[in-house]
Structure formats: structure tokens, C-alpha cells
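What follows is chain A paired twice: with chain B in the first complex and chain C in the second.
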Partner chain A sequence: MTRTLRLSTVALVALLGACKKEEPPTPTAPAQQPQAEAKPAEPPAPKALKIGLVIDVGGRGDHSFNDAALRGLETWAAGKRYEGGKYAPASAEEVKQSITQDLANLQPPITALNVEPLVIQSKSPEDYEPNLDLLVEQGSDLTIGNGFLLESAVEATAKKQPKAKFLLVDSLILDAENKPYSLPNVRTVTFKENEGSFLVGALAGLVSKTGKVGFVGGMEVPIIKRFEAGYRAGVKTTNAKAAPGLVAVYTGSFDNVAAGKQVAQDLLKKGVDVIFQAAGADGLGVIQAVKEARAAGKQVWVIGVDSDQSHVAPEVVLTSMLKHVDLAIYHACRDLTEGKFAAGDVVLGLKEGGVGYAEVRLDFPGKAEALQKVEALRQRINSGELKVPGTMDEFAAFQATP
Partner chain B sequence: MLELLEALLFSTLDAAPALIFAALGGVLSERAGVVNVGVEGQMRAGAFCAAVAALFMPTPLGVVLGMLAGAGLAAIHGYLSIRWRSDQVVSGMAINLVALAGGTFLLESLYSPNGTPAIEQLPRWTLPLIHGVPLLGALSEHSGMTYLALVLPFVFHAVLTHTPIGLRLRAVGEKPHAVATLGLSVQGLRWGAVLGGGLLAGLGGAVLSTAVLDRFEQHTPAGLGFMALAAMVFGRWTPLGAFGAASFFAFGNALRIGLASSAPGILEFIPQGFLLALPYLLTLILLAVQGQRSSAPAALGTPYEQESR
Partner chain C sequence: MGERWRAAVPSILSVALALVVCWIAIALTRDTEVASNAYLQMLYGGIGQWPRYLDGGDLAVIVRPLGEAASKAALLILTGLSVAVAFKAGLFNIGAQGQMVVGALAAAVVGAQLSAHALLHLPLALLAAAVAGALWALIAAALKLWRGVHEVISTIMLNWVAVTLVDNWLVVGPLRPTVTGGHSVSGTAEIFPTAHLPRLLGDISRMNLGFPMALAVAAFVWAWLIRTRRGFETRAAGLGPEAARAAGIPVKQRMAEAMGLAGALAGLAGAVLVLGTEFRYPGVLGAPYGFDGIAISLIGNNNPLGVTITALFFGALRAGGTRMQLLGVHKSFPELIQGLALLFVAGRLVWLALLRRRRTQPASAEVPRA
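The block that comes next holds the complex of A and B.
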């Protein structure tokens, strides 16, 4: 018996050791690499500012929200490419390709800054706060929490570390009663996703042949509801018949590809021919289902989210609702290097270039006309004439004016 | 109405196999007295290796390699818990952690963090007679894995209840000393069960990356292994029970999705979160109701020592 006990203790100790070891590789691998590379190469240049970034459990490689943040920091601000766990310099061509068409003529243009990225992925929600702490301790000059899931972690860390600077993407700082307030060392950036979703909704309404369009959301939270409300309003504006039957389904997660696929298959079986997904990694399952349906001969489309997802399945991704987390992060980095970084709440809408839609590369009957209509709607939103609903209550009161 | 039912059935049959195989894997290992909380990790290993192997060879062969990968992880579990009699829960959790981090590490260093490149999916079979027939048509257009998942539980049940080897397996989980007095190897039987369980869990994972998706995706299997364990407990550690429970969970999930798209009004009353938690809730209730009369194998979780009584 004692032997058993001793052995299981050994196993437990080994396990604990293993746990501890498992954690750091993600943070330290990218963190140390650039330091080691940078030291011999640059004697006179001013010291690179360290920018810390904690991404949520969706992880690197979601082709969507987190990848947009990484693009803003790694590719645009630092001019680096992440490959096999380390950084390599990105070529000018790569950087150019990563910039979507709508930002191609941005002034001032996107150029590499003297910053050094420190990226930590989070394995579970409990990791957010320790990860932010770790970055501050490692001396990051600006620490970014990417996603509303990190709201309370950023809030707590910012209070503990009043001298450090923070950027919170996708949420305001909220108090115990969910009332927004501000902290002197935190900049928040939120987006008017409803405006971008409105435009892709308008396009979906014009493209649909069956008159049935669908929406797949991840977790049923206010942000995703904002996508849904804008999308519904867009569909209602261009295709009033499709609006009442629009089906919106939530998978309940952001990291379960199989769930997304199952939901989309169900929608496709019910005759839906255009699906807009805002569901993180679950959305990749939605794209997969549409791809398979297309291979089986159905005329179906899918609309991507956050990043341009065309490369995931070029034959079925009609366009993507762009949410320029990349730009928000790049701007914060630039402000920091220019000494202009200030706390406060930034809201980015269509007019500010914060949201939009990716180039429509696929052909469909009446494409030119449809795009013209969508662009006309963009003008009306920019001029303030058209107010896009941001909640389901506002949508209920929304009157479509084609 | 018939169409809705057909869509529901189709969706269930498409999603259930991974859960069924993994639950059967849990049953096999635990009936022989070895706790197997490492199902999640074994599935992940199976899914990863099947997808990577399928890049270089025909997909069915990749599935076999995925099964072997699940058995490989199970072998570590067996080595720790049978050979060295370590705590079976601890060793199972260790497997889960190693598979989670190891899978991400290998994926990032070999391919990209997104997932492996796309592979050729397992073909879907169109059943000639019933294809297109209302309701029955839901049985058509699935991969071979679905049909295997419908047959395997019955084969497993027959072996477990009607053959000598099945009797020995059950005995080694209930009273290993009795098995030893008959001159049979307790360790050998348990090794067989643990490796077999690993093969099945690996198959469950391989289904996810070769039939459900066409690549290994970084989050696979996203908690499905734990749901399989819940199905095993809910099915009272029997192959047919686990099969029923796994199908029921898959059906419940399909129903939730189906309701959301065809009768959105219902979800105003029942929160989706409740439906998502339902499988685990049912398992908890069952365990609470059973109380002392648990149907778990008597020697489950106890390492076998010849000298002990």
C-alpha cells in the first residue's frame, strides 16, 4: 500500500511538474526569440517598445478575431511573421497582402514601427489575469487584452498596476452593475459591428435565390446580438420578403468547429442559401458545411467575419464582415511610439473605417448592381441619414427604407 | 413535419459516432477496473494523427493510425496505472493535459496554428434503396463510421455478455482476485482492455478529423471526451447503455439546434445554456438517484495487488 502511495505521489509530482512546464512555452517562445535575435543586430537604434498581447481562448489561428489582433501587432506594427513558434521578418509583399482593400489607401499608410510583440495565448478563462500580470512584469510598455472575455481581467490588472498602460479591445470597462466607467490608464476600443453587418446583410438579401438567409452566432452575448440586429436590418432593407423568415441560431461556444458545422447543416437542409456567421472557430465549421453543400451541387454562400476569410474556402465565401481590430491595435502601437497614447473610449464605425466588408471576389448574377446598392447604403450610413439598429429592441422599431 | 424529423435524425447520425466510439472506449477500460478519464486526450491524439497521416496516405489508413495513436496514449496510462499502480484519475488527467498542450505544440511547429491542411474526407455512402425516401432517407449519405457506430455496440455487448473473454473482463473489474485464483492474468486482461479502450477513443477522435471535418482543428475534440464519459456513466457502464446515452445526447443537441432554426419562439422560454448543460445535468441526477446502488464495477479505480485482500 505504501508503495502504491509513494508511486502515486511520484506520479502527482511529475504531473504537477508537467503542468507547470506546459504553461510557459507559448508565452516564452515568442517572447524570448525576438530578444535573442534583436540584441546583436541593432546597436544605435532606440530601444524597441514592448507591446504585450493576451488573446482569448479562441487562440491563434481562428482566421478571425484573434488573427486580426495578431495581424495588427505582429505583421503591421512589428513587421514580423510568426512561423513554427518563432518570429521571422515579414516581406513587404506579405504585409501588403495582409492589408484588405478598404484600408489600401489609408493615410498615413501602415508602416512598421519600432515595437516588439509579446504574445500570450490563454488556455482557459482563469489564465487571463495571470497572463496580463506576467506581461506587465516582463516590462511591456502597452498591454493589450483582446476580446470582451478579458474585460474583468484587464480591469483588475489595470487597478493593480496604475503605472502600466492598457488597451482593451471590444468592450468598455464595466463595474459590478455592468455600467461603463473609465480608468486613467486604459484605452478601450469598441466597434459598431451592426453597421458592417448591415452591409453584408443587404448583400445577402440581394444574393439569396431561395429567399431564406441565416445567421449563426457563437455565444449569445450583446456583442454578437449587435451583429444579428445589424444583419437583420440589412436583409430587411434589400429583401423585405426574406426578413421575417431569417433564422438566427447560436452555437453557445467560440471554439467548437463541429458544433458550427452541425448548426449550418441544419440551416442548409431547411433551404437557407446565404449564411452569415459570427462565431469564432465555430464559424469555420459553418464554412466547412457550406463548402460541402456546394460540392454536392447546391448554390449556397457563406459570409465570413472579422478578418477576410475568403482564403478558407474561396469558392463559397461571398465576402466577410470586416472588423478592424488590426487597425485599432496598430493605431494604439503608433500612438505609443509617438508618445501620444491616451486613455479613453474609442468607438470605430463604418465612417471611421473600423468596420466594413471584404472585396467580393465571387461572381453572381447582377453583381455590379448589387454592389452599387450596397455602396449607396454605405453612403447613407456615413451621412448619418440611416441609423443601423444595434440591439434587437432597436431592430423591432427599425423601418426599412430601400 | 416529416422533413424536420428527417433533418433531426440526419444531424444526430452525423454527430453521434465520435461520441459513441469514445463512450464505448470508456466502457471497455472501466469494465476491466481501470478508470479512464483520459478519453479526451486519447481522442485528441487520434484526431491529430489521423489527419496528419491522411495527408500522406488514403484516409481510411489514417483512421487506423489515429486509433493506434489513441492506444499509444492509453499505453502510457496503462503503464502508470497497471504496472506502477499509480492513481488512475491522476494519470488520466495527465494524459489529457499532455495531449492538449502536445497537440497544440506539434500543430504549430509542423503546420500552422489554424489546423492541418485539408485532407480527403471519408466518403459518404449513398444507400440505393432508401435514399430520398422520406424519413428513412436520413440513414443515407453518411460516412462508413456512422454505420459502424450503429453496429459496434451490439457486437461489443454480445462479446461482453456471451463469451468467456467477456466474462473474464467483467470479472477482472468486479473481483480481480477471483480471476487470479483461476490462474488468469489480471494485469494482462487489464492491459488488453485499456489498449482496446484507447483504440476506440482514438477512433472517436479520428472520426472528428476525417468524417466531421476534413482536417485537425486546434480545439478538437472540445470537451467531447468528457461528454463521452458522462454517456458511459449514464449508460451504467454497459455498451448498449452507453450507446443509448451517447445517441440521446447527440439527439438532444440536434434537437436544440433544430428548435432554434424551426421554432425560435420556444427558446424564449428555455434558455440555450440550460439545453447545453442538459447531458451533464441528467448524469448528475442519475448518480444522485442511484445513491449506494451504483452500477460501477466494484473494483473500479483500485490497482490490483496480489498480496492485498
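The block that comes next holds the complex of A and C.
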């Protein structure tokens, strides 16, 4: 018995030793805390505004929706580069490269603002609300919820914190019956994804050789249906034969690369040669599948979404439907620094530069003509002559006029 | 006394070792100051930012983190107990995740489709979740007891059946809420306020009735296992089915009961998630608490008290871990700590062997308790 006692003591000592290793933080921490708060006061310039951003479960590095938000906040607004958990100043070249061609001539141009990003990734849906709470508690002057998945969380936090300002990207504030309403401290931004999808659909119709084009969506929600409706309308406009046979599949998630790949492989097997994906991280699987099919000698293309995804697989990404979450967030930051931030519902379409398509870097027969046709369609949308369907019902009534 | 403590030593050492290893991992990738501060932030997020409060800060800076830790702990207690109860009956329930999913869905459906007085609505929703989880687990029990299908296989497969059925069909299909004007919502319709688990601390914290309920359930499970004849028979069936049968214990029945209870507990976890914080079945059900339950149960030595303590610890760690991101530490460190702790506990036989080797006496009386 005494021996076991001694053993327990030994274990206890070992345990204490183990705990001790973590104790040093305590003395340093109080020193650290004021330091962090003192930092902004150091330069004579006005204090940097803290911008908090909560991104959804797709996480950093989805090459799509969340990365677009991070680009808007970190690269454009703060002029920073995120590397190994730290921020370093981004070079002018880096910032320039991150701006897609359709925004290159934006007025006023994108310049770094005096803001400090504070980014939290969410591990599960029930973490959205505490994460927003945490950012408000950390003193962020504007707290951004990125994605419609955060709608309830932004709504709840904004009600709890009437003095804090919020930006909700990609959704309106909805009540229990899912009817939109507004809160005095929340700005919402939504996009006319159908208009951008229309243009890439038109391009897909022009590029397709087999006359079979496909669509891969993530969760089957109205917002993704809007991509599908616009895409279908675009295909119908430039390639009436391909439209009836257009296959649209939904993976049911935004964070399952394997599911995206599987679905895309099925489509490719059916002879589809252009796939447009609007599926978050699942879309990376779609790109992967198309890349592999190309390596196997098939003449196939994929169209990316939200951000310019060309760098993921330069040889197969025809273009990307851009959804400028980055611009929406940058604008909100700029409004905040200029003291012009106001609540309300903002809708960004093709005309406002909120959606578009990325530079087409790949060559295909008849490229110049095809791009000309697509640009002509852009003009018709901008002028209001062409109305792009936003739902499947509207698509059913859509008459293509090439 | 000494006996019980010795059973806990491997777990405590494992958790401590996991903490140290992760600290070193952060220190190696960043530096020691970041690692130490990250742990401090985790502490703040798990048990409250006491220094700031004592400096005259808002009460919310301690109550909110505590509430988050408690909500997470409640889920982990329930799924951990689910695995532990099955374990006591000699069954390895890997299906807590699936049982939680169907439980959560049942709670969401009863909460949203039924309207009743709060005194009736909430218990009904909880009951529906428990029953759904139990039925889901009983499928595996039935397969095991009548057809000899190993429960590890059947519960794993039932997890995927549940996820596919619920996440990929019911939630996006028949149970999708009606939406006007093309707005996107994820998950099922919002539940009525009468089915909410009441918040215990008002608006400043999400701490809800789910936490005391989970503690009460843990006490109930402990009493059932240790203090009742059925509990004794269940444990006997788990330790040696043949011997138990020879002693006249209806082994199959006890195993089925234990599995049903395990499913009900996991189902309740789903209900606590839906009725406590989400208020609807979300598009994708939270973190995989069902799988975490396995880790919690094993680290907690499959003992209700151990499970509760482990769940409280990891609840605080997981809730606080998010704050590590403020220092740019990757979001998955809390899971890494839990995973490593599990790995080290799995090596408990090594721990025990090490402890035993130091002993010169014949170790006959020191059979390790499973």
C-alpha cells in the first residue's frame, strides 16, 4: 500500500511538473494584454478600426466564398498577408494581383485602409453566435458574418449588442417565419448571382463540343438555385440544343470535397464537357475530377465560383463566376473608416460590379467571338433589356433571344 | 479510495501529456510566448476572463464563456454516457453520432410542428428525441442479439444511414421550411419558443437547462448502474456474458436495455443541441459530438463520474479553444488535445504496466479495472 501511495505521489509530482510548464503564461499575460491595447495608440495616426470577421464552416483556404471575404478584409482593406497565423504587410504587387480584371478600373480604386482584421473560423454551426459575441467583446468596430449560414447568429448577436455594428453577407435578416426584416445596426449585402451565372452559362454554351453541360451545386437552397437558374438561362441563350439536357446535381454540403469529386465524375461519364460548380469546398472536388479527366485525355472544362479559381487547376478552369464578397466587405470597411457606415439592405448585381466573370486565360477555338458575344450579353443586362431569371419558375418562363 | 484514484491516474496523466505535447507543437510552429498566451486565452474562453472581470469588467466576460463551456459539456456528458453505458454492457457503441442525429431531428420536428403549452411541449420534444435515439440504437441491438451482427459494424453503418437520411434528404427535402421570395435558409423550420430549453442566465449567456439536465442524467445513470439490481446485472453481463447467463441473468435483455438507454442518451444530446442553442435542425448538425463521446467515455474510464468530469474539462477546453484563434493558432488544436489524450489513454495498458513494474509485491490483487 505504501508503495502504491508513493507511486501516486510520483505521478502527482510528474503531473504538477507537467502543469507547471504551462504556468509561465500567467505572469507574462497581464503584461501582454495592455501591450496589445497600447499598440494602436503608438503611432500618432488615428486608432485602427478593428474589423471582426466570422467565416463559416468552410473555413480559410476554400479558394472560394470564404477566401473572397478574407481577401476583401485582409488583403484589400488592411493591406495584410496572412501567413502561418501572423499578418505581414502585403506588397503592392500582391494586392494588385488579387484584384480581378473586372475591378481593375474601379473608381475610387482599392487602397489600404486603417483597419485591423480579427478573423475567427467556425468549427460548427453552434459556434457562430459565440464567435460573433467574442469579436464584439474584443472591441471590433464592425463585425462581419460571412454567409447565409450565419443569419440567425448575426440576428441574435445584433439584438443583444445594439451598440455594435454588423455586416451580414449573402442573406437578409429573416424572422421566425423566414420573412425579411431589418435591424438598425445591421447592413446586409446580397448578390444577383443569376446575372454572373448567366454570363458563364453563355460562355459554357459556346465552348461545349459535346453539347452537354452540367452544373454542380452545394446545398440545395434558393441562393444556389439562383446560380442554376441564371446558368441555365445563359446556356439556353447561346446553345439552345444543350439547354434541355443540362444536368444539375446537388451535393448537399459545402465542405465535402469527396462528394463534389464523385458527383463530377458521374457527370463526366455521361459525356458532359463543361461543368459549372457553385458548391464551396465541394467545388474543389469538382475541379479535381475535371483535372483528372483532362489528364486522361478528355477535352473538358470547369467553371469556378465566387473567387477566380484559375490557380487551382490552370489547365481546366475556363473562367470563374465572380461574386465580389471581397468588394462588399471592402466597401463596408471603407464606409466605416469614413464614418458613412449605415444599416440597410444592399443588392449588388452585374451593373454594380458585384458579380462578373474572371479573365478567360485558356484558349479554345473561336475564343474571341465567344467573348464578344458574352460581352454583348453583359451590355444587354446592364441596360436592363435582358432580365435574367433568378428562380427556376422564372427560368421556365424565360425566352432566350440570342 | 486509493483504488479509485489509481484508476483515474492514467487518464489524468494522458490529458496532461496531451496538453504538454500541444503546447510544444504550438511553441515549435510559433514561439513559446504565443503558446503560453494561447493556453491562457483558452482558459479565459473556458472558465471566464477573470482578470478582466476583477478589473471592473462586465459580468458577461465570465458568464458567457462559462455558459458556452457548459453547453458543450452538456452535449459531451450525454454522448459520453451513451458510449459508457453500452460499454458497461459489453457493447461498443460507435453509433452515438447517428443516434444523436435522429434525436436532434425528432426534437426539431416536435418543436416546430407541434404546438403545445411550454410545460408539455419541452418534455415532449425531449422525449421524442430520446425515443428516436433509442429506437435507432435498438436496430443495432436487434441485429446483434438475433443475427449476431457485431455492433461495431452495425452502429458505424447506421451512423451513415442516419446522416444520409436526415442531412441529405429529410432536412433538404420534406422538412424544408417554406420560404418566401427566394431567401436562403439552412435547416428545418424554427421551433416554437415553448420548446426552447430555458436560458438560465438570461441574455448574456447561452447556458440553458440542458446542462443541469445532463448532470442529473449522469447521476441517474450512475445510480442505475451501481445501485440497482438491473444495473448490476447489466455490468455482470458486460464483464462475462457466459458467467452471467449461468447465474440466471437474462443477458440479451440487459444488453438490449443498455443499448436502448445508450441511444436515448445520445438522442437527448441531439435534443439539447436543437432545443438549447440552434432552435432548428441546422443544415449540417454541429460538431461530431457523437464521435467525441467515444473519446470522452474512454478517457473517463467508462464511469459516469469520470465521464462527467472529462466532459466538463473538454467542454471548457473546446469552448475556450476558439479564442486561440485570436493569436492565430489553428482552430483545430482543442480537438488535437482531445485526440492525443485519447491516444495516450488507449495506451493505458502501458501506463498500468509501467506502474506495475515498479511494484515488487505479487500483483494479484491489482487486476486493472476495465
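What to note about this one:
Convention: the second predicted complex is superposed on the first by the 361 of 402 C-alpha atoms of A that agree within 3 Å, B and C clash if a C-alpha of one lies under 4 Å from a C-alpha of the other, contacts with A are read in each partner's own complex, and residues count from 1 in each chain.
As a convention for this text, a contact is a pair of C-beta atoms (placed from the backbone, for glycine too) under 8 Å apart; a residue touches a chain by one contact, two chains touch by 3 or more.
Fair warning: this is a prediction, and the values are worked out from it, not measured in the lab.
Look at A:Glu137: by the touch rule set out above, it reaches chain C but stays clear of chain B.
Of the two partner chains placed by the overlay, only chain B lies in contact with A:Lys269; chain C stays clear of it. Taking chain B and chain C in turn and counting the residues of chain A each one touches, the greater count comes from C. Using the contact criterion defined above for the overlaid structures, shared-chain residue A:Ser307 touches neither chain B nor chain C, since it reaches no partner.
By the document's definition of touching, neither partner reaches A:Asn239: not chain B, not chain C. Residues 1, 3-4, 7-8, 11, 14-15, 18-19, 22, 25-26, 59, 84-85, 123, 220, 250, 252-253, 255 of chain A are contacted both by chain B in one complex and by chain C in the other. Residues of chain A touching chain C in their complex: 1, 3-5, 7-8, 11, 14-15, 18-19, 21-22, 24-26, 28-30, 32-33, 57, 59, 84-86, 118-121, 123-127, 129-131, 133-134, 137-138, 148-149, 151-152, 160, 170-172, 174, 176, 178-180, 219-226, 250, 252-253, 255, 390-391. Interface of chain C with chain A (complex): residues 2, 5-6, 9, 12-13, 16-17, 19-20, 23, 29-30, 32-34, 36-37, 39-40, 45, 51, 60-61, 64, 68, 71, 167-168, 172, 177-186, 190, 203-204, 206, 273, 277-280, 282-287, 319, 322-323, 325-332, 335, 355, 358-361. Residues of chain A touching chain B in their complex: 1, 3-4, 7-8, 10-12, 14-15, 18-19, 22, 25-26, 59-63, 82, 84-85, 123, 214, 220, 247-250, 252-253, 255-259, 261-263, 265-267, 269-270, 281, 284-285, 288.
Chain B meets chain A in the complex at residues 7, 10-11, 14-15, 18, 80, 84-87, 90-91, 93-94, 97-98, 100-101, 104-105, 108-110, 112-115, 208, 212-214, 217-220, 222-224, 253-254, 257-258, 260-262, 264, 272-273, 276, 303, 305, 308.
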